[in-house]
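Shared between the two complexes below is chain A, which has chain B as its partner in the first and chain C in the second.
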Partner chain A sequence: MDKIKIGIPRALIYYYYFPFWLKLFSSLGVEAVISDPTSREQLDQGVKNSLSEICVPIKIIVGHVLDLQQKGVDYIYVPRFKSLRKDAVLCPKFLGLPDLFRHSLPQLNDFIISDTIESKSDDISDYSNYTELAEVLNIAKSEMKKALKKASDLWQRYRKLLFDGYLIDEFLALDNIEALEAKISQLEKEDDLPQSRAEVKQEEGSEETLDIALIGYVYNVYDNYVNMDIINKFKELGVRIHTFSMVENEIIEKELAQLRKPMFWEFTNKLYGATQHFFKDNNIDGLIHITAFGCGPDSILGQIIELDAKKYEKPFMTLRIDEQTGESHITTRIEAFIDMLRLKKESS
Partner chain B sequence: MKNLYLGVDIGSVSINIVAIDEENELVFKLYTRNSGNPIDLVKKGLSKFEREIELDEYKISGVGVTGSGRQLIAYVLGADTVKNEITAHARASTYYHPDAGTIFEIGGQDSKLIIVENGIAVDFAMNTVCAAGTGSFLDHQAERLGIAIEDFGSLAHEAERDVRIAGRCTVFAESDMISKQQYGFTKPEIIKGLSEALVRNYMNNLVRNRVLEGEFIFQGGVAANEGIKAAFEEEIDSEVIVPKHYDVMGAIGIAMLAKRDVKRKGVESQFRGFNLTEEEFETSSFECSDCANHCEVIRVIADDKVIAVTGDRCGKHTAASMTDKNRNLKKDEKDSTKEKEAESKEEIEEVDLYKIDPEQEQKVMKELEELEEQEREKEEAEDNVLL
Partner chain C sequence: MRLSFPYMGPTIVYAKLLELLGHEVVMPPKPNKEIIDLGVKYSPEFACFPFKVLTGTYIKLMEKDVKNFVTSGGHGPCRAGYYGEVHQRILEDLGYDDVEIIVIDSIHDDYKYFYDVAKKLKGDSSWLQVYKAIRIVYDLTKAIDEVEKQVEILRAYHDNSVINKIWMEAEKEFYKIKDRNDVERVKNKYLEKLNQYSDKIPEEKDRYRIGIIGEIFVILEHSINYQVEEKVNHFGFEVERSLYLSDWINENVIPFAGKEIEEIEELGEEFIEIQIGGHAQENIGHILDFKKKGFDGIIHIKPFACLPELISQSVMDDLSEKYDIPVLTVSVDEQTADANILTRIEAFLDMIREKDYEEVV
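Take a look at the complex of A and B:
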C-alpha cells in the first residue's frame, strides 16, 4: 500500500518547526509533501482567495494550501498554534487559521488536520497536541509518543546549531528528512564557523564586514520571494546576519523579564527579547525590522524598538514588505543603510 | 589631461548630469525633465557635454549613476559606481555644508530625511507607500491652477490670509484645495496652505519623533519652491539653506563617490566612451515562463548586441548574458541568432518598453484638452463670483 501523503504548507510557522514535522511524519511512516517555495502564482492565488485587508503572510499560506491540493495529497496539516508559553498566545490569525480555511475554502474541509498546539514552551512534543493526527492516521498512542520523542530530539539538535549562529536559511532547501539529518550531523562535527561568526571574504580594497540584526518573524525573514531575497542581498554586500533564532531561550527570557509584563503574542515576545540582547551587543552595527504591511503585533513592537534604538544609539530601519513585485524600494533602503553603517565605521 | 568624473542621476521626474574635476569643482551641469525615455535623454545630455567641453583637455576617469532608474543607465554608460540616491545626496551636501545636521530632500516621487553627525549620515527616513507632497504632486497642482511650476513657490508670498489644506493624502488635498477655492480663497493663499500642508505631512511621516539639529539643508527639485522653504522655516523655526546646486546634488554626490571608488581600487573607468551617443539602444522585455514567478525580464540591446539583462529573480538570464559578454564578437553574433531562433520557437511576447501608441496618446490629449476647457470655464465662473 502506498504511504499516506500529508501536505505541509511552506509558510508561516513551517519556517520554525519544519525539522520537527519532517522527523515526526517520517517516523510515523507518512510521506510529507511540502508545497513549493513561494512564487508569484501562489501569491496571486492566495490574494484571490483571501480577504483583501489581511496581511501578506496569511495570503501566502492560502496560496500554499491551494498548491498542496493540486499536488494530490491525502491531508493538509494546518495546526492551530495557540500558545508556546503560559499566559501568551500567538497572533490571532494563527489561532484562527484552520477556521479561516474552513470558511474561505470549504472544499478543503475534509483534508485539513488541525490539532490545537497548546504548549508551555517551544517544545511542542506533548501527545495532547496530536490527538486528531493520531486518530486520522489511526496510530496508537505509544507509537505516536515514540515518534514525537524522535522529532523532539532532532529539533533540539537543530536548535543547538541555530544558537551556534547558523541561519535557518541554510537548512530550508533540505525538505526531505534524510538530507536534513545528514546536514545536521555534518554541521555538528564541523569545525568551520557559521556565517554569523565566519570571516567574510571581501574583494581587495572593498569595505569592512558589517553585523546586522534582522528583526522579524521567520516567515518574513526566510521567505525569499516575499522579502526579495534579502538574505542573499546582505551576503553579497558583505554583511553577517543575526536573527532572533540565534539567541538562546535563557537570554530571551532574561531580557523579557525587564518588561512589566510580556506582550500577548509569543513570537513578538521572542523578537523583543532578542532585540534587547542585540542592542547591548557591541558587535552589532545596526538593526533592521522587517515587517509585513498591516501587522498588528509589529505596530507595537516596531514602536518599542524604534524608541529603544535611540536610547542605545544603534542605527535602526524598518523595511515593510507587501504584495509588490518591484525590488528597487528594498534595495535602495538596504544599500543606503549599509553605506551609512560603513561610513560610520570607517570614520571612527 | 585633467581627470573628470561624471555623475548621472536618473530620477522619476528629472535626469541630471554633472561633471566634476579633481577638486570637486563643477565643470558641467545639466538638469532635464524626464519625459519618459531616459536612454535618449542621457545620450542627448552627453552630446551637449561633448559640444560644450573641450574633450582634448579632459579624460573621463570615473562614472557614477544614481536615482531610481540607475540600473539600466549604468549598463548603458558602463558605470564604475552605482549607488542609491540617499548616499549620493548625503555625500554632496556634507561636502558643500560640512556643518549640516539635517537634510530635507524632496524629489519627484520620493521625499527623504537624512540626519548627519560630523559629516556622516547617521539616520535616514524615506516616504513609505505614499507619494503625497513630492514633486510630481506639485507639478500636477501647478498645472491645475494654471501656474508655471517655476512661479508656483514665490506666489505663496503674496498670500494675505491663512487657509488650512489637508496634507495627509494627495487625493484629499486636491479635493480640499478645490473646495477652498470655491469658498473664495485666492490662488496664492491656496498655494501657501498647500505648502504648509506638505511640510506638516513631511514632519509627520518622516521626521516623526526625531530631534532635528542644524544646519538645515533643503535640496532636490522641490527646493526651488520658495513657499515650501518658507513653510519649513516656519515649522522648525530656523533658517533653511538651499544649496547653490540644489537640483543636481544627487548627481554631484554620485560623481564624488565614483571618484572615490576608482581611486580606491586603482582601476581605469569602465565608461563606454562618447561613441555611445551614436549607438542605438533598445530595451525589450519578455515574461519568462520557466517557473511560477513569471518575472518580467528586461534586455538592453546596443547595436544589436545584448549588453545587459535584468529583472529575473533567479538570475539565470542575467548570468547567461554575462558569459555572452566574455565571448568574442563572432560568437556573440552566433549566439544572438541562436537566441532569436529560440525566441521564435518559444513564441515569447516581446514588448517595446517605450513604444507610444498613437491612438492612445490622441485619446489622452483629447481628455486633457477637455479638462483644460472645464478648468477655464470654472475659472471664469470663479472670477465672476469674486467680482
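Take a look at the complex of A and C:
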C-alpha cells in the first residue's frame, strides 16, 4: 500500500517548525509533501483567492495550499496555532486560519487537518495538540507520543544550532528528513563558525564587515521570493545577519519582563525581546525591520522599536513588502542603508 | 483630576461617571477632519483607523492643557488593547513628558495595576459613592441605548432632521441628570415624544430592517463611520446595531451578566471556532441572530486591515449563501469617501428591495 501523503504548505510558521514536522511525519511512516518554494503563480493564485485587504503572508499560504491540492495529496496540514506561552496568543489571522480556509475555499474541507496547538512553550510536542491528526491517520496514542518525542529531540538540536548563530536559511533547502538530519549532525561536529560570527572573506582594501539585525517574522525573512532574496543580497554585500531566532529564550524573557504589559502576540514579543537585545549589543551596526503591508502586530511593534532606536541611537530602517514589491526598490534601499553604515563606521 | 477620554459613542456616559467621581472633565471634541489629519500625521502608517483618531483626539486635547486621559485596555489579540502603551510613547516622543494615559485593564490581567488605577480614578470619593456612581451611569447607558434604538427605527419613516433634533435634545438633557430617578424621567419623556411619530410605521410586511455589525469603535461612533446608520435610514430602512454601549458594559464590567453574549458566541462558532479577538465571533453570531429575527440584510463595517474582522470577512460569502442573507462589508479609514459609501449602500438596499419583490411575484 502506498504511504499516506500529507501536504505541508511552505508558508507562515513552516519556516519555524519544519524540522519538527518533517521528523514527526517520517517517524509516523507518512510521506510529507511540501509545496514548492513561493513563485509568481502561487502568489497570483493566493491573491485571486483571498481578500485584497489581507496581508501578503496569508495570500501566500492560500497559494501554497492550492498548490498542494494540485499535487494530489491526501491531506493538508494547517494547524490552528493558538498559543506558545501562557497568556499570549498568535496573530488573530493565525487563530482563524482554518476557518478562513473552510469558508472561503470550501472545496478544501475534506483535505484540511487543523489541530489546535495550545502550548506553554515553543516545544509543541504535547500529545493533546495532535488528537485530530492521530485520528485521521489512525495512529495509536503511544506511537504518536513516541514520534513526537523524536521530533521534539531533533528540533531541540536544531534550535541549539540556531542559537549558535546559524540562519534558518541554511537548512531550508533540505526538505527531506535524511538530508536535514545529516546536516544537523555535520554542523554539530564542525568547528567552523556560523555566518553570524565568521570572518567575511574579502579582498584586500575592501570595506568593513557589517553586522545587521534583520527584525521580522520567519515567513518574511526566509521566503526568498517575497523578500527578493534579501539574505543573499546581504551576504554578497559582506554583511553578517542576525535574526531573532539566534537569541536565546532567557534573554528574550528578560527583556520582556521590562514591559508593564507584554504584547499579545507571541512572535511579536519574541521580536521585541530580540530587538532590545540587539539595541544593547555594540557589535550590531544597524537594524532593519522587514514587515508585510498591512501587518497589524507590526504596526504596533514597528512604532515602538522605531522610537527606541532613537533612544539607543542605532540606525534603523523599515522595509515593507507585499505582492507588488519591486526588486530594485529593495536593492536601492538596502544598498543605501549599508553605505550609510559603512561611512559611519569608517569615520569613527 | 483634570482629565478627558477618547470620543466613542455616547460620550456623556463616561463624562458623567468621571464627574460623579469628582473629576474635572474636559469633553473631548467630536472627531473631524482636523483631528483625523493630526492623528494620521503622528500615528504609524498601518495602525488601524481608530488608533489614528485617538492620537488626533489626544493631541487636540493637549492644546486645552489636558494631561490625563482615561482609556480602556484589554488583553488582545485585537490591537486595541495595546493602544494606550503606544500612545504614551508617541506623545512622549512629541515632547509631552507629563502626559499620563490611564489604561483600564481587566482586573484579571494585573491585579495590582488595576487596583492602582481604580484608586487614582476614585479620587476622594468613598467606595460607596463609587458604587452609586456606577449604578447611575449603568442606568444612564441603558436608557440612552433604549432611546437610540427608537430613533434608529423612526428615522426610516421621517425626515432625518426631525428625529435627530429630538435625539440631540435628549442627549443634552441626559447629561444634566443627577440620580437614577432623573434617568428614568428623561428616558420616559423622550420615548413619549418619539412615540408621537410612530404612527407612520407601516405594517410588519412592509418594514425593512438592516443589522449593523463590525468593529466596536467604527459602529458606535457615527462621526467616523460616515453616518452609515443615517444613510440607511434615509432610504427607508430601519437599523439595529449588534453592539450598544450597554452591551459592552454587560460584557466587560458587570460579572455574570454575559449569558446572552455567550449564546451569541455559540452561534458564531459554526464559522469561527474559537475567540480570535475583537468581536469577530460575536459578530458572526449576531448575523445569524439578526437573520432569525427576520432582518433583511447586514452591513458589516470595519477599519481598514482590522485583524479579527478580516477573518470574519473571509467567512462572510459562505455564510451569506448558506443562510440567504445579503451582507455588505465596508472598510473605513482616513481615505474613505462619503460618496463611495453612499453609493454602495444605496445599491445594496436597492438590491434587497428587488430581491423581496421577486420573491413576492
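Criterion: the second predicted complex is superposed on the first by the 347 of 348 C-alpha atoms of A that agree within 3 Å, B and C clash if a C-alpha of one lies under 4 Å from a C-alpha of the other, contacts with A are read in each partner's own complex, and residues count from 1 in each chain.
Methods note: a contact is a pair of C-beta atoms (placed from the backbone, for glycine too) under 8 Å apart; a residue touches a chain by one contact, two chains touch by 3 or more.
Please read all numbers here as calculations on a predicted model, not as lab measurements.
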item: Combined model on chain A where chain B meets chain C, clash or fit; value: fit
item: Partner chain in contact with A:Gln42 - chain B first, chain C second, else both or neither; value: first
item: Partner chain(s) touched by A:Gly96 [first = chain B, second = chain C, both, neither]; value: second
item: Contacts of A:Met340 with chain B and chain C, given as first, second, both or neither; value: first
item: Chain B or chain C, by number of chain A residues touched; value: C
item: Touched partner set for A:Leu108, first chain B, second chain C, both or neither; value: neither
item: Vertex chain A, arms to chain B and chain C (CA centres, degrees, nearest 10); value: 80
item: Partner chain in contact with A:Leu174 - chain B first, chain C second, else both or neither; value: neither
item: Partner chain in contact with A:Ile4 - chain B first, chain C second, else both or neither; value: neither
item: Contacts of A:Val200 with chain B and chain C, given as first, second, both or neither; value: neither
item: Touched partner set for A:Gly294, first chain B, second chain C, both or neither; value: second
item: After superposition on chain A, the shortest CA separation from chain B to chain C (Å); value: 5
item: Residues of chain A at both interfaces, chain B in one complex, chain C in the other; value: 293, 307
item: Chain C - residues contacting chain A, complex; value: 43-48, 73, 75-79, 81-82, 85-86, 89-90, 93, 105, 109-110, 113, 271-278, 280, 304-308, 310-311, 313-315, 317-319, 331
item: Contacting residues of chain B [partner chain A, same complex]; value: 68, 83-87, 90, 118-124, 126, 128-129, 209, 264-266, 291-294, 313
item: Interface residues, chain A side, partner chain B - complex; value: 36, 39-42, 205, 225, 229, 293, 307, 315, 317, 320, 322, 328, 331-333, 335-337, 339-340, 343-344, 347
item: Touch list for chain A against partner chain C, complex; value: 50-51, 53-55, 80, 82, 87, 89-93, 95-96, 98-100, 102-104, 106, 116, 259-261, 263-265, 293-300, 302-304, 307, 310
